[in-house]
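Have a look at the structure below before the remarks.
Chain naming follows the written order as A, B, C and D, and within any one chain the residues start at number 1.
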Amino acid sequence: MLQYFLKRLLSLGLSLVAASVVIFLALEVVPGDPASYMLGLNAQEDTLAALRQELGLGGSLFERYATWAGGLLVGDFGTSYTYRTPVAGMIADRLWVSLPLALYALVLSTLIAFPAGIWAASRRGSHADGAVMGVTQLGIAIPNFWFAMLMVLVFAINLRWFSAGGFPGWDAGFFVALKALTLPAIALALPQASILTRVMRSSLLDTLGEDFIRTARAKGLSKGQALWRHAVRNALIPVLTILGLQFSFLLAGAIIIENVFFLPGLGRLVFQSISARDLIVVESVVMLLVFAVIVVNFTVDMAYAWVDPRLRRRR
Amino acid sequence: MRLRKFGLGLVSALALAASMGVAHAKSDIVVAMQLEPPHLDPTGAAAGAIDSVLYSNVFEGLTRFGPDGSVNPGLAESWEISEDGKTYTFKLHEGVKFHDGSDLTADDVKFSLDRARADDSQNAQKALFTGIETVEVVDPLTVKVTLKEPNGSFLFNMAWGDAVIVAPESIGDIKSKPIGTGAFKFTNWVQGDRIDLEKNADYWGEPAKLDKVTFKFISDPTAAFAAVMAEDVNAFVGFPAPENLPQFEADSRFQVLVGSTEGETILAANNKLPPLDNIKVREAIAHAVDRQAIIDGAMFGYGTPIGTHFAPHSPDYVDLTANSQYDPELAKKLLAEAGYAEGFTTTLKLPPPSYARRGGEIIAAQLRAVGIETEISNLEWAQWLEQVFKGKDFGLTIVSHTEPMDIGIYARPDYYFQYDNADFQKLFADLTAEDDPEKRSVLLKQAQEMISKDYVNTYLFQLAFPTIADAKIKGLWENQPTQATDLTAVYWED
Amino acid sequence: MSLLFHSRTLLPGAVLTLLFTAAALISLVWVPYDTTVVDIANRMKPPSWLHPFGTDQFGRDILSMIMVGARTSIAVALVAVGIGMAVGVPLGLAAAARKGGLMDEIIMRANDLVFAFPSLLIAVMITAVFGASALNAIIAIGIFNIPVFARLTRGAALSLWNREYILAARVAGKGSARISLEHILPNVANLLIVQGTIQFSLGILAEAGLSYVGLGAQPPTASWGRMLADSQTMISLAPHLALFPGLAILLTVLGLNLLGDGLRDSLDPKLRRART
Amino acid sequence: MSRSETGLLSIQDLSLSIHGLPILKNVSMDVAPGRILGVIGESGSGKSITAFSVLQLLPGGASCTGSITLSGKDILSLSEAELCGLRGRDVGMVFQEPMTALNPLKTIGDQVAETILIHERVSKAEAMVRAADALRRAELPQERFPLSRYPHELSGGQRQRVVIAMAIALRPKLLIADEPTTALDVTTQAQILDLLKRLVAEGGMGLVLISHDLAVVADLADDLVIMRQGEVVESGPAKALFGNLQHPYSRALLEASAHVPERRQEVLDLPLLQVREVVRDYTGHTHGWWGKTTQFRAVDGVSFEIRKGESLGLVGESGCGKSTLTRAILGLEEVQGGEILFDGLPVFTHHHANQIVRRRMQVVFQDPYGSFNPRWKVDRLITEPFHLLANPPKGAERDRAIAEALESVGLSAADAQKYIHEFSGGQRQRIAIARALIIKPDLIILDEAVSALDVSVRAQVLDLLADLAGRFGLTYLFISHDLSVVRSITDRVLVMKSGKIVEEGPTNTVFDRPSHPYTQQLVAAAPVLPAGIA
């Protein structure tokens, strides 16, 4: 088990390095000099040079990467070109919106998907099953930002139950903040919940076809007992994979949704930075999101080992 | 506001009404605007967003603009002008303190003006100061400014946001911690979200009525609409989505102020780039464009058609829209004469505001109708500054020039649209030297006609400046003589 | 045709998909109204006989806009899927042919890496670097599709490599490249088709999302995503502006998904058995 | 309980149809306590479905008529709840596939204890104690197999014992074993069969033993039922029944399972294939490229010869390395040591398989379903080996070759245009043979070539092979785990165990007087029909 853990940890490290190189190179080829953006239209050459030095824009490609990556390790994401403040600070603030949002959505989709999926699978072929499948089909097909727009129209502008967007901050009180995140979280969760439901269902159906379910029935377990005691946990394995993938989709989806609800999150930060050509921020945020995705997938692998004893010893 | 949110939480009209009552018994205000300042030094960048937040709230100049665009005494309570019109002696108010507690003295004024006109100055409106010969400190409360030539608009120039008086010791981190003499103090800036100001208790003049001011930056028009509707903000100055104004007007919770601005919105042409260097081509474009359609389509009717680069509400304005009546046939004819019977293709680069993005789509369609194809590219401001304003790499672009009395830009051949006309430069030189109002007025009219006849750019409309505010807020500026959100006189009425 | 009846979803899926493909194709030769002509006089007109879906903020016919938009969406998604298959499938086959080999490792690690970048993130980076355009949207979605197909192909191919007919082919002296082409590819084709439709629908969603945030197709190219973005501020005064493009996306994606499920049920005997 | 002494399980005129499609027709059989009923039939005979109908674990849409009485209770009239109470308590069941019959995520202890917890209100702890006891009776003593073991940590035989333990945990009156040993090696099979026998003897429970293998049932069963296409063709006490089988089918079945094809073909005394000191190692990557590599020696210094025209058997249980050896001989994988010469030529010359040699060897695999590309027509399938030829026949010549190959295996030239799914298992093996024949090889390697076939079909294929050997002067390397088959068709036999050849000699000698203990074990384990019959 420990060996397995260490191996996955190592591969995690390698992936991170690779990712950072890709991101760095991608944004290195950007035309235009950040320093001149920062100092505006009529800046002096010498001041520019000084600023470039300060921003670590001098030196060879490798040196620049080294400074950047080295900084990341110690939590120094560099200085924003436009705001002239440490990127780390800006990201930290945004993280307190984006992360809770993604988690909120993840929780929502899981809370919907698991019962719905199990319910549908246990009543396969029934009208209930058909209904669930139909709804999930819609849920997958609906563009979540459009759904978000409709929700704003109904719940914020017409009914005025929720504020149409914005984020009061956690200091405004937990529930106030949570309320502000509710519509976005729903918009984010809807497609993921639908996908998850379908995966849960089909995975369960596959498991229910396994020999050991027949064995269990032969022992005298009722259909329901067989389902709960033997099928569900086995069915979780593929579901975990999807959950892992979904987190990355949630983070990505947040980029759009945060812009629909103008939440001061990472997604919005990315867009502001792109408009301002504040590439070091883009660089860092992308890196952070990728880091999150990789770490989550790592956690999922660990979760496998927890669910599946075959993985604990093997490898 | 917090309370109100709770009220909404348990959906009950009663809670709503009650909490709204609560919400209004207060002296703080949340004002939203679209653009966030890149930094907070009004004397160090072109970005108007800086003035929108700081002008006269935090920073003040020797003179200041009134809501109607008139030039009034600012930090200088009075001044004398020598006969030759070259020497201005300003008398400063007594007991003016910077927010850091230090007194405002003539030295600060000298420092500010010298800094602005220095060679390495980063002041975006350096032209305002180039006429200054010397700045001398007579005594702690008296400054003498000597000009190279008489300049009729010097007092006007001194009212600009770029000419505010700053404290030498604060220059170091002025970009993030501005220290001025205004009725409000800067307290906090959450980048990408908001800037907080608080009342300056020991203000030298009429103290502000509000204790706390929060500027929120909401770039997305939808978000803006939603934010106002949901009353997340008390006021939105320069509301970006004109199509929503009728709804607000219909809603008793809000007041809608549609003011004029100094923003001449033009379809700028690159006068050095063929075929746009051909006056006939530019004239053709001017006739191909239907102003009213753009005002209706892009601004939903808000905006005054203009025929030259001058604000219609100015007494010296001449209505020259006749020079460029909408006439596609004439446009086709002119193109043919210019040798472009088959039309041609050029670029149309659009900055973010909706007047540009929407106007762009309409203009593209109108130009296509006379055979001119345009390749539209939507640019972010930074890119626009880089490519169009700085790089002059464009065919056509749509932009609103919000600086007051900025016809002078036509005298600068290196300006992005690169209009290089010796006659006009001469005319403008005379204008600058002239200080007799009548003569100035004449010259100004000539200038307007000249650029209109040269079809330098296609003059579309004067940008309307919609402000939506809670019906109970009083004292907001309606018009925008300069880019400013002067809150010194704003208060809640209950 | 008979396979139409293996599944309940196939027929509606096919119909919807055909509908929008047809709309896109027809728009090449004919649209009710020219979408490049603005007509401010009757802008934001609600649906009527003249304009079944109404007109937009510039008085353009929304039906026509949607037809042209279908072209953009379908083109972008289709090319993106094409990229994904063209690159991903060969990689997957190669990886499977040398399972556990260095080739396999490199390909799979590379895939993991790309998988770590949600498609939107790729798009964001690309636009940050090269600016927004339909082409960049295609590239972004395409890149994201590569590992999807690579993994799918590899997984399916691996199970096939254990079949005895592959062994027989090797006994007949055939090399792995030839075997991959003659034996593996035809037998994974079904899976690829099914996944293709799914990725196609995801592509349409992604394109819509990107255009919505302005990272996709630029004006005057009509695009459903941008139609939604433009209509957003007017949603409360002219809901039909947002309604129809949204429905268009919804129905197209729905159609493709149904088609995909239907194809899977009909083409994959294993799953067909599972259903009965 | 009145009828309990007369019979434990009694099935009368049971007919069963699924979605209206008749599967069973008037099936009747009885099991008395302490007796073993052997149910014999080929695939599709309905023997398994009969078993499941006793537990009423039937696929959706199944409907039964007739009667199933278990110690007086009429099963068909019981509610689902009552059935649940009965399954596992009164009737235990053992399945064919031990590898998949257990929940991979639960310990064997839990899974056995579950049977108890389901039916009796006892504490988890007590249930575990009794589970341990059940496992012990199934010969998995707790000392060596703690309850905390997971299925994947056990071998197939051991898992089957766990399944048995679950079935007998509550000492049911009736145990149903559906092909309990088919998936297992001979030696393991013997052990499991002994176990079942013992459990019946000591528990006085009735056992229904379902199998396709006449021999397996023959040693064990007290009574026999022979089924075919959903009908009982013959039934009665085993001894008596074997004495005089009435129904032609059962006769044929018996004949087939003891079938020895007649072979006339002279063996030349010159070696066709020489295997010298062959060593084959596998290096497995534990995980990723940085994973520790593990060395595993699959073939360990194997040497033997096959003479022209000879039929050599290679016997061994799964994992003994026979398949690896096959691949090495076919030149699919290079060996780490020793050499393989075909007619004096090396099979592998500097890291490449020797085409000249390959042309003269072909192979027939076990799985009649997996060994053809489903998307190809027969003609393309069987001409695939042409790829080995420098200039393969084209056009009419090709058609002739195809026709010839097909006809020589008893199919028609017309079959060339069909897809593989249009053929039965037996026909497919014939096609596989045709594919091997088409380039006229000298050596054909038969890798478990008949193991997946029903006995009657198997007999026919064996005849075909024998006949072909005569007609084309073929040499066979016949690889199988089934001793009886090997015995019936080979001249000499090699016995392989964990990568080594442990015994070699003329087939009859080796089987009648095995010298190596392992061989003795194998021979002893191999189920044989009672002497005197057949």
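As a convention for this text, a contact is a pair of C-beta atoms (placed from the backbone, for glycine too) under 8 Å apart; a residue touches a chain by one contact, two chains touch by 3 or more.
Just so we're on the same page, UniProt names per chain: A, C = Peptide/opine/nickel uptake family ABC transporter, permease protein.
Everything numeric in this text was worked out from a predicted model, so none of it was measured.
Contact with both chain A and chain D is made by C.
Set against the C-alpha centre of chain D, every other chain centre is closer than that of B. Chain B and chain C, compared by their mean Cα positions, are separated by 45 Å.
Chain centres here are Cα means. That of chain C falls 47 Å from that of chain D.
Inter-chain centre distance (chain B to chain D, centres taken as mean C-alpha positions): 89 Å. A separation of 22 Å divides the Cα centre of chain A from that of chain C. Multi-chain contact residues of chain B, defined as those touching 2 or more other chains: 222, 225, 383.
Contacts with at least two other chains are made by residues 288 of chain D. Under the contact definition stated at the top, the residues of chain C that touch 2 or more other chains are 232, 236. A list of each chain pair in contact follows: A-B, A-C, A-D, B-C, C-D. Taken in their complex, chain B has these residues touching chain A: 2, 5-6, 8-9, 11, 16, 38-39, 44-46, 120, 122, 124, 126, 175-176, 190-193, 218-220, 222-223, 225-227, 229-230, 232, 352, 380-383, 385-386, 389-390.
Residues 109, 112-113, 115-121, 124-125, 127-129, 201, 205, 208-209, 212-213, 225, 228, 232, 235-236, 239, 242, 246, 249-251, 253-254, 257-258, 274 of chain C are the ones touching chain A in the complex.
Of all residues in chain A, only 32, 37, 39-44, 47, 80, 82-85, 90, 93-94, 152, 156-157, 159-166, 168, 172-173, 175-176, 179, 259-262, 264, 268-269, 272, 274-277 touch chain B in the complex they form.
In the complex of the two chains, the chain A residues touching chain D come out as 4, 7, 10-11, 210-212, 214-222, 225, 229-230, 233-234, 307-310, 313-315. Partner chain D is touched in their complex by these residues of chain C: 100, 102, 105, 163-165, 167-174, 182-183, 186-187.
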